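You will see two complexes here that share chain A, one where it goes with chain B and one where it goes with chain C.
Up next, the complex of A and B:
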């Protein structure tokens, strides 16, 4: 038998009799399962999720659910086809043994696999002081249960809500509070909301938008401590500028932590930055060598992107979860030369203060910004981000239908600034610095050290900080 | 006389039933300059690119004057488009920011407010009732006209109800719309004796229709009533009110576009399914396929074959050509939807076609306003027709077509039937 025929037989045998385990039962996990079946995989499929719920959609949690328009349990994701899988819901994966090819579960079960997809995503970064975080009235927002609890708290009409952090989740929740006519204070360590994602120029617009809607916005300050009453309910926050605020609901919107702890000791390139993989979703091991049996998709994946100088990007966006999962699923049941790359142009959306914010590309990759369409005053505009004379991203406020135009320009590495539109031009069309903060130093990144001398024994190894 | 371009041939009435071979020719030059300076774009990729390019205007007032057609020499016989230009622009024929503002206002009244956007889906019981009544009315017949007895009455009844236009006025506005549609011609036949004679009547009809809608709006201004028009007259929303003229133009648009295109889609859907017995049988066996089926039918026989009000505001480089600023641009959706570079075996009907992002409703900011309503109407109508009509057979193929090139559709579709199931 020729090599080609042997490989083809191998693929078809795997598709019929293989055993695939997906860890993560959210958007990426579900879409990967559907894609596997769509690709003709008829072997055994197990989906493991730490939450007890079937896969649900997260974007409505910080918007429609909090507003009380829809209950949190009405967010189940639509199913595109039968997946015929064994669901292990409500039980977390706690370990991975790549030699024995087994996933260890919290209940002690060992689930064997031939190929594994890691789609464990992220979780909300909790308020760092555990005693303060445990106060009644202190929330985080990531899961369906989080949203249900916060919605209940908002429904009791608190006297004031404190949102800590002016990223998308924090800003969306502040917006919901104002819509519900609940007083809200938002603190942001940086100079304006959304600066990390969209830069200071857009951040300033977002700040003004918040103030116009009655948010008590405090930038350049952080929360030093939270204080509770005798019953253990949060009542007060002390800020770094020495002031205090009386509050009875606090949302810690501090960004996310990638769920990689269960991979400790697995020998994969997994750390606080996510799980490294190639553009086809194949995980790297700790040495940076690609594996053949472990794949990654969704928020937890971090892969090189051709449009951004092959830098490794983690794209915590909805469409990255969907399309990354489809690509990983395809590659799990194929062999070279049938691999497909995941070359998504990142994009995201947010709804806040009556404005639909959308973005395409990687705004922080740019260092200049130019308004290209519409009116900043009306908060209805498009703007493009540039770097070294080429367009790398765009953002729109209530101008989302134009994103496709900018996406095409970005894909083609078109010149920056882009040509002016034929109508509806902004008053000022001149590139200005986009004002992104310098990349912060992430906390508690372990060192990676090299060990061994003989080429066959040389290995990388994680050394947790402080050792 | 110079040889006609594929585009001119596609526009000839004789080719109305099947313009597709000419589209195939046309696509060999994706962006083709016509003798009158119009740039006709026929390939999927280029059309999508231009639909999203902010250097393309949809505003008829920015359309540069074309060489005067011979007909224009006679007073009162200017092209019908001139009569339309006399109206205030509607949302299809203006650019942002006016477009965004007006469309946003209309959206609220058509779909319902943001926290209860189910005004359209709430119409489903009404749609089912109307469709059931139409099919019941065919009992005892052996021959039906799908256009007059089925495809037309459903959308017109619904849009009247949604807008608040009295159904009793249907014969009047139907006649005005027919007269105007039959006179609009972009092809070599525009200069013919007959087409020239139609123009004066068409201009009058457009004016009468506009006056009729303006009168209705006046009436609602004095005495509020049911429906979207009255609501828009009295809108006190954050965007303020539309001016009377803009409101009247958009009311005309809603009434016209709210049914004409759906009539053609239902008629074409039945016609297409009768031409593809295996697809008809598939749909009868698996009624749940109606959703992808309607998307495929939208691709296969698009209700809006092309659009004619766009122009380049700046020079635009595309497909190896430069469209100079000031040039009119025609985007031929009907051709894009048969582009083999985008759709595998485009001339085959595949009710389960994957990744079917057709341009039947266009794309970008002018994406069909009424698409969700049209989808629902056609899904219910075709679903029920397939389920209830026994052994339908086409009497004439191809059927006679209406004159209009943009809103392309059969004038009648005669079908022999064995009966109507319950």
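Up next, the complex of A and C:
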């Protein structure tokens, strides 16, 4: 038999009899499982998730669920096909042994695999002081249980809510509070909300929008401490500018932490920005060598992107989880040259204060911004981000229909400033600095992070001489 | 029943809102919100909305109707 025929036989044997384990039973994990079956994988499939629920969707949690429009358990994800998997829900993976090819579970079980998909996502960064975080009325928001608890607290009509952190989730929750006519203070360490993701020019527009809707917005300050009453319920927050606010609900919206602890000692390139992988979802080991059997998808993945000078992007976006899962699943059951790349143009949406904010590309990659359509005053506009004469991203406020136009230009690395689509032109069209905070300046965590060119963000381990 | 709207794709045309206003709502002029697990009684409306969406952004569970718990 020729080598090619042998390889083809190996692949078809793996598709029929292989063992695939997926860790993380949420958006990326579910869509990967479906895609594996769609690709013809009929071997054994195990899905491990530490939450007790079948996969559900998170974006509604900070929007319609908090408004009380529907309960948090109304977010189960639709299924597009049977996955015929063994579901191990409510039990965490606690270790990975790549030599024995086994995943260790919290209940002591060892689950063998031939190929493994890491889809453990992120969790909310908790309020750093554990005693204060444990006060009643202090919340974080990532899971459907978090959303149910926060929704209940809002339903009791608190006298004031404090949202710490002006990223997307913090801003969406502030918006919900105003819709429910609950007084809300939002503190942001940076100069404006959304600056990490969209820069200071757009951040200023978001700030004005929040104030117009009655949010008590305080930028450039941080919360120094939270204080409770005798019953252990939060009542007061002290700010870095010396002021105090009386509050009875606090949401810490401080960005997220990648769920990589269980990979400690596995030798994979796992670190604070996630698990490094190639553009096909194959995980790197700590020496920057790509593995054959471990794949990564979703919020926990960090992968190089051709449009952004091959920098590793860590993206916390819904479509990144869906598409990354499909790509990883395809590559898990195919061989080169049939691998597919994860060539997604990042995109997200956020509904807040009655405005639909959408973006494509990677805004923080740009250093200039130009308004190309609509009116800032009406909060209905499109703007493009540029870097070195090329368009790299775009953002729209209630101009979502135009996003495709900009997406095409970004894909082609078209010149910046881009030709406006010839309709709805603003009076002044001139590029200005986009005002992203310098790396390392504390601010709202952006949800796309450019994490450099190093496949392993920790230092590589060098072998001692003579070994 | 279970649905999801790909809000990256959705362009806020609101056809779905006209066809199933208990399930889909616009907040402001363009931001769509919806009930991801609407009552089964709304199935016909939701299916019509999904069919009418000009960008095919509404995706419906294909296992709906299968025994709960037996979902694999």
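Just so we're on the same page, the second predicted complex is superposed on the first by the 439 of 467 C-alpha atoms of A that agree within 3 Å, B and C clash if a C-alpha of one lies under 4 Å from a C-alpha of the other, contacts with A are read in each partner's own complex, and residues count from 1 in each chain.
FYI, contacts are C-beta pairs under 8 Å (C-beta built on N, C-alpha and C of every residue); 3 or more make two chains touch, one makes a residue touch a chain.
Note that the coordinates shown come from a computational prediction; the quantities given were computed from them, not determined experimentally.
K.L.:
Looking at the combined model built on chain A, do chain B and chain C fit side by side or clash?
P.N.:
clash
K.L.:
Looking at A:348 after the superposition, I want to know if it touches chain B, chain C, both of them or none. Which is it: first, second, both, neither?
P.N.:
Touch status of A:348: second partner only.
K.L.:
Once the structures are superposed on A, label A:57 by its partner contacts, choosing first (chain B), second (chain C), both or neither.
P.N.:
second
K.L.:
Quick one: chain B or chain C, who's touching more of chain A?
P.N.:
Per-residue touch count on chain A favours C.
K.L.:
Touching A:318 in the superposition: chain B (first), chain C (second), both, neither?
P.N.:
Second partner only.
K.L.:
Which partner does A:374 contact after superposing on A: first (chain B), second (chain C), both, neither?
P.N.:
first
K.L.:
Considering only touches as defined above, state whether A:417 meets chain B (first), chain C (second), both or neither.
P.N.:
In the superposed model, A:417 contacts neither chain B nor chain C.
K.L.:
A:408 contacts which: chain B (first), chain C (second), both, neither?
P.N.:
First partner only.
K.L.:
I'd like to know which partner A:24 touches here: chain B for first, chain C for second, both or neither.
P.N.:
Neither partner.
K.L.:
On the A-aligned overlay, A:75 touches which partner chain: chain B = first, chain C = second, or both, or neither?
P.N.:
So A:75 only meets chain C here.
K.L.:
Could you name the one stretch of chain B listed in 369-377, 387-395 or 405-413 that collides with chain C in the superposition?
P.N.:
In the superposed model, chain B runs into chain C at 369-377.
K.L.:
Both chain B and chain C contact which residues of chain A?
P.N.:
69, 380, 398, 401
K.L.:
If we count contacts the way the header does, which residues on chain B are in touch with chain A in the complex?
P.N.:
Residues in contact with chain A: 48-49, 52-57, 59, 95-97, 100, 115, 312-314, 363-365, 367.
K.L.:
Going by the contact rule at the top, pick out the chain C residues touching chain A in the complex.
P.N.:
It comes out as residues 2-4, 6-8, 10-12, 27-37, 59-64, 71-72.
K.L.:
What does chain A use to touch chain B in their complex?
P.N.:
Per the stated touch rule, the residues are 67, 69, 372-375, 378, 380, 398, 401-402, 404-405, 408, 419-424.
K.L.:
Provide the residue numbers of chain A that touch chain C in the complex, in ascending order.
P.N.:
Spelled out, the residues of chain A in touch with chain C are 54, 57, 59-60, 63-64, 69-70, 73-85, 87, 318-319, 347-349, 351, 353-356, 358, 380, 398, 400-401.
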